[in-house]
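Shared between the two complexes below is chain A, which pairs with chain B and chain C, respectively.
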Partner chain A sequence: MVEAFNQILNGLSIASILLLVSLGLAIIYGSMGVINLAHGDFLMLGAYAVWFLQSTFGIGLLPCLGLVFVIVGLVGWAIERTLIRHLYGRPLDTLLATWGIGIILQQAIRLSAGAELRYVKMPDYLINPINLFGTDISAYRLMIFGVTLALLVATYLLIFRSNFGMRLRAVTQNAEISRCFGINVSQVYALTFAYGAGLAGLAGALVSPLKSVSPDMGTGYVVDAFLVVVMGGVQSLFGTVASAGMLGQLSTWFAFVSNDTLARALVFSLVLVMIRFRPQGLFVTQVRRG
Partner chain B sequence: MRTDRRSLLKVALAAGAAGGTSFPHIWNRNADLAYAAKGELKVGVLYSLTGTTAIIESSLNHATLLAIEEINAAGGVNGMKLVPVVEDPESDPATFAQKARKLVLSDKCVSVFGSYTSASRKAVLPVFEKYKGLYWYPTLYEGRECSQNVIYTGAVPNQQQKDFIPWLVRNFGKKFYLIGSNYIYPKEENNVCKILLNQLGGEVVGEEYVPLGHSEFGSVIQKFKDTQPNVIFSTVVGDSVVALHRQYKAAGLDPAKMPMASLTTSEEEIAAMGGDFAAGHFTSAPYFMSTDTPENHKFVEAFQKRWGKDKVTHFVSEPAYFQVYLFKQAVEKLSADNIAPETIRKAAWGQEFRAPEGLVKIDPENAHTYLWPKIGQAQANGQFKIIEQVKEWVQPSPYWAYPGEVCTPSGLVEKKV
Partner chain C sequence: MRQLLLSRAWIAGYALLAIAILAVPVAIDDPYLLNKFARYLIFATLAVALSLSWGYTGILNLGQAVSFGLGSYCMAMALKLKTMPIQTGTGGLPDFMVWNNVPSLPWFWQPFHSIGVAIAAGIAVPVGLALILGWFIFRARVAGVYVSIITLALLVIINLLIIDQQRFTGGFNGLTDLSDLQVMGIDFDPYSAATYYLAAGALILSLIVGLAIINSKTGLIMQAIRDDETRVRYFGYDVAAYQIFALSVSAGISGVAGMLYAVVMAFASPTFLSVQLSLSIVIWCAVGGRASLIGAAIGALLVTGIQGSLSETPIFLNTWLLIMGALFVAVVLLLPKGLISLVQSAITLFSRPVADRTATPVNKTMVG
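The block that comes next holds the complex of A and B.
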């Protein structure tokens, strides 16, 4: 019984990390139609930003978070302004361009920060496990769970309850008409891209103490993030949440009954079968596109 | 565009001029055929500087270049300078093969130092065997190979495990959980481990392989908790090592009761995970950065001076360093017109060198290396405390787990058991 409870917690923890890394991608993809292959590398930038702030200025991980969000958001903003905005409506080209940006970011980090694995310190008060209903659970993972929840709420409020969100939803439905109503479309796009990049940076910062920081750490995450977004349905925030939850639970339970190698393969085949029969994803919000 | 006679003439002239500069090169080619030309000796350095294993392989590149620079600064090999030809195979086996072909055929490197993963070594083997090159491989690996064109300076399973497993059983108990990355190396090591455990009356309570680069160990750790092994025997590689150690600690497991015993966790991985997470776990290897020999103090100091104060040396970078010296000694036995991969290989047999870990020797039978296995316990400062050390060097036995097969100077021989 304790075992099962523990596995459910494991699954929730993996799900929260999945959601964290895919949230930024889902927003950029869902509202702008840009398939951002550099998403994993924004994440990597976030991890390096924390490493840099921590090793040079000795700032702890949690105080870094705001700064990291701003830094990576700015990088995202700059990339959107200089490159992505010329490529709207050309999905294949953005695919290629963002892939290229990813490679450039990786090599830039490799040249400046070096190729070795880097170490981001976990806050001391979160290192020890917490005993929850008779099972040990990592305090740090609980914290990630909390932060992910907070980010989710913030994102929801931003999109559905703020003035900016209203403009964003209008632009998503029809950019031309929105422009006629005086919405500054290119500004909305730039801010959305920056927000998505900033979220990726935050995700990178938060996972860095769990894993290791290296220039190509983003590659694995971008795959996971796409899995979540594709399965959940492209434009649905709720779909992203639900599919992250499902994938998290599925992979821990598969891994528990068999092993991690098989679990990975099973999860992938499941998603494959799913998109064969429901290419639009599990959850679809009706959006009229202009 | 209209082509008239004048522009055609220009093109012809330009082509002629270009040809004029490149032609003599072709005629001079013969002069380069000998390996030792113009007082220089070309050697290949084939470690990935980009891609997934770039992290560890760049340290091997650094160690190799350091040895080459030291040798050149001390007057070279019989007065000849070593010229390193550095290639980046991008952590991709196919690129390894392609770059190896370039180093052997077009650069005419007399030897190539390279590879970290077994996959990349297997990929270059056909190249060196076909074109009769010589490859120096510094990494500990799974054994069960006997190439005529490779000199192996890393440890094979018998060297890392023969004392380690009995020591673990004596100190912690007989129940082992085997966890490894999913490829050939961990499987072969676990074979050896199971044979040893069998002899000692030990028990394997779980055996599991995770995908390369895996970073979620929640389910695996749950199985540790369920099966309660005395020892977790780990052959997980790469950045998965970091994730495993961090999640082990976060799950509240205690190294004093259920230590991880690894063949693959080095100072490099510990630097990446943070000493606190590694403290208390064990590794068996012929070399640790904390090895207390004059040669090692010199090596560590030179390495950090050349590549940075924060750099660590580890059990793969040390062989990557000393194998260049073994190469040098082998070449020194040869006259300049007799230097070729084949002659170097023969001359290398039986060569001894005082390496940072102790005196090492290339076995004249199987071209692997006599080494000094040690058991180290990781400390919070990121270094290993050496707890046990063999009294004399251990002979390499690449076919230890396969009694019917023996590696000899002329290749693999199968005998009836």
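The block that comes next holds the complex of A and C.
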């Protein structure tokens, strides 16, 4: 019983990381139609930003977060302004261009920070596990869970309860008519892309103490994030949350009976089978094409 | 009339490329260079394979390296077993299995004692995987970017699996210390002209097969699917069947390329299924021109050739990926049809005075 409870908590922890990683991707794809393959590399930038701030200025992980969000967001903003904005309405080309951008970011980091693995220290006060209903759970993972929840609420408020969100939803529905109503479409796009990139940066910062930091760390994450988005359906925030939750649980249970790699392969096969029968994603009721 | 002339120009282009490829060993006697050029030819074959699925059918397969890698492992398994007398544990086990305490040769290794089976598997395994994947995604009418994302995920996962199953695949190191391929009494030493001709033959054959397909009715429908899938469906064609066909042919050619690569490199490793290789294949196609078989092939030869010569200087070794990424972004933004589109417009200009001026523009992508 305790074992099962432990597994569920593990699943929730993985799910929160998955959601954290895929949230930015889902927003950028869902509202702008841009397939951002550089998402994983934004995440990697976030991890390196923390490593840099920590090793150079001795700033702790949590105080870094705001700064990391801004730095990676700015990088995203600059990339949107210079490259992505020429590619709206050509999703395949955005995929190709962002793949190229990802390679450039990776190599730039490899040249400036070195190709060796880097390690980010976990904050001291979060190292000790917390006892929750009879099982020990890592305080750090609990914190990630909390931050993810907070970001989810913030994103929900931003999209559905703010003036900017209203403009974003208008632009998503019809950019031309939004423009006629005086909405600055390109500004909305740029800010959305920056927000998505910033979220990726935060995700990178938060996962950095769990695993080592390397220039090509993003590839695995971006694939996971895409699986979450594909499974949940692209235009639904709820779908992303639900699918991250499901995949998180599935991975833990599969990993419990086999190992992590086989679990990933199994999860992928499941997503593939799911796509065969429900290509629009599990949690989308209405399909919009085009 | 005009179409005929255009066809002739393209056929001349293909013939020139074939002659140039075949003439290389006559001019060059350096085994090291021959080996290097053989590698470039294999990459060009891969680019031709991607061009068939991406450029002609609109399936951007980001996991092209899966077929390539599986092909190379099939060949490498057979060549590894051929080294038996030299590197062996008890019962003729490959060395890495001995290190990993594998008691006896696993059942899926057994058939690879035969080179014939290995060659068949090197084609059948990638094609089989493509058929299964194609059935799942194309029957569900998944299109465009989703296909790309799924193939990319497949690549990452198969790569992880191969590294994870170290006992059977050699893990990170892959299958090393392979023997030479020996078929019909010919020894294909990686540094010999024979191996070079093998790679050249594969490239030329893949170009011929590709040309035959794209100039057939099937090829015409493939291109129609690329341009507008829904319309083709309204005409009553089974779109998914054509997409699965294109993906499978592409996978088969990549499998052959992979097998040759194992022969030329004398090892197979998970880097053959890396995201970076897959990206490179896409870049070669994009630079040369994805909707042209010869364009894709030349794109691959150009990019890998430049890479090969630049990476000998240490400065470029580090900045190469930067250059490649920037080049790729530039091509996507500025020259979406690749370098070959420059040639295509030049030929069109050149042939205009001869041809019937009132003729409507023909679809040049069909022949080239």
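The definition used in the following text is that the second predicted complex is superposed on the first by the 281 of 290 C-alpha atoms of A that agree within 3 Å, B and C clash if a C-alpha of one lies under 4 Å from a C-alpha of the other, contacts with A are read in each partner's own complex, and residues count from 1 in each chain.
Keep this in mind: a residue touches a chain if its C-beta (ideal position, glycine included) is under 8 Å from a C-beta of that chain, and two chains touch if they have at least 3 such contacts.
Everything numeric in this text was worked out from a predicted model, so none of it was measured.
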Worksheet item: Overlaying the two complexes on chain A, which is it for chain B and chain C: clash or fit?
Response: clash
Discussion item. Touch test for A:Gln107: chain B only (first), chain C only (second), both, or neither?
Written reply: both
Worksheet item: When the two structures are overlaid on chain A, which partner does A:Arg264 contact: first (chain B), second (chain C), both, or neither?
Response: both
Worksheet item: Given the touch rule stated above, what does A:Asp136 touch, chain B (first), chain C (second), both, or neither?
Response: first
Item to complete: Check the residue A:Ile127 against both partner chains and state whether it touches chain B (first), chain C (second), both, or neither.
Response: first
Practice prompt. Check whether A:Leu272 is in contact with chain B, with chain C, with both or with neither, and answer first, second, both or neither.
Written response: second
Worksheet item: So, does A:Gly218 touch the first partner chain B, the second partner chain C, both, or neither?
Response: neither
Worksheet item: Thinking of the overlay built on chain A, is A:Thr252 touched by chain B (first), by chain C (second), by both, or by neither?
Response: first
Discussion item. According to the stated criteria, A:Asn6 is in contact with first (chain B), second (chain C), both, or neither; which is it?
Written reply: first
Worksheet item: With the two structures laid over each other on chain A, which partner does A:Tyr119 touch: chain B (first), chain C (second), both, or neither?
Response: first
Worksheet entry | Contact residues of chain A, present in both the chain B and the chain C interface | 107, 110, 220, 259, 261, 264
Worksheet entry | Residues of chain C touching chain A in the complex | 60, 133, 135-137, 139-142, 144-146, 148-150, 152-154, 156-157, 160-161, 163-164, 275, 279, 282-283, 286, 318-319, 321-322, 324-326, 328-329, 332-333, 336
Worksheet item: Of all residues in chain B, which touch chain A in the complex?
Response: 49-52, 54-55, 58-59, 182, 208-211, 213-216, 218-220, 222-223, 225-226, 239, 242-243, 246-247, 249-252, 268-269, 271-274, 276
Worksheet item: Touching chain B in the complex: which residues of chain A?
Response: 3, 6-7, 10, 13-14, 107, 110, 115-119, 121-122, 127-129, 136, 138-141, 209-217, 220, 251-252, 255-256, 259-261, 263-264
Worksheet entry | chain C-facing residues of chain A, complex | 35, 83, 86-87, 91-93, 95-97, 99-104, 106-108, 110-111, 219-220, 223, 226-227, 230, 259, 261-262, 264-265, 268, 271-273, 275-277, 279
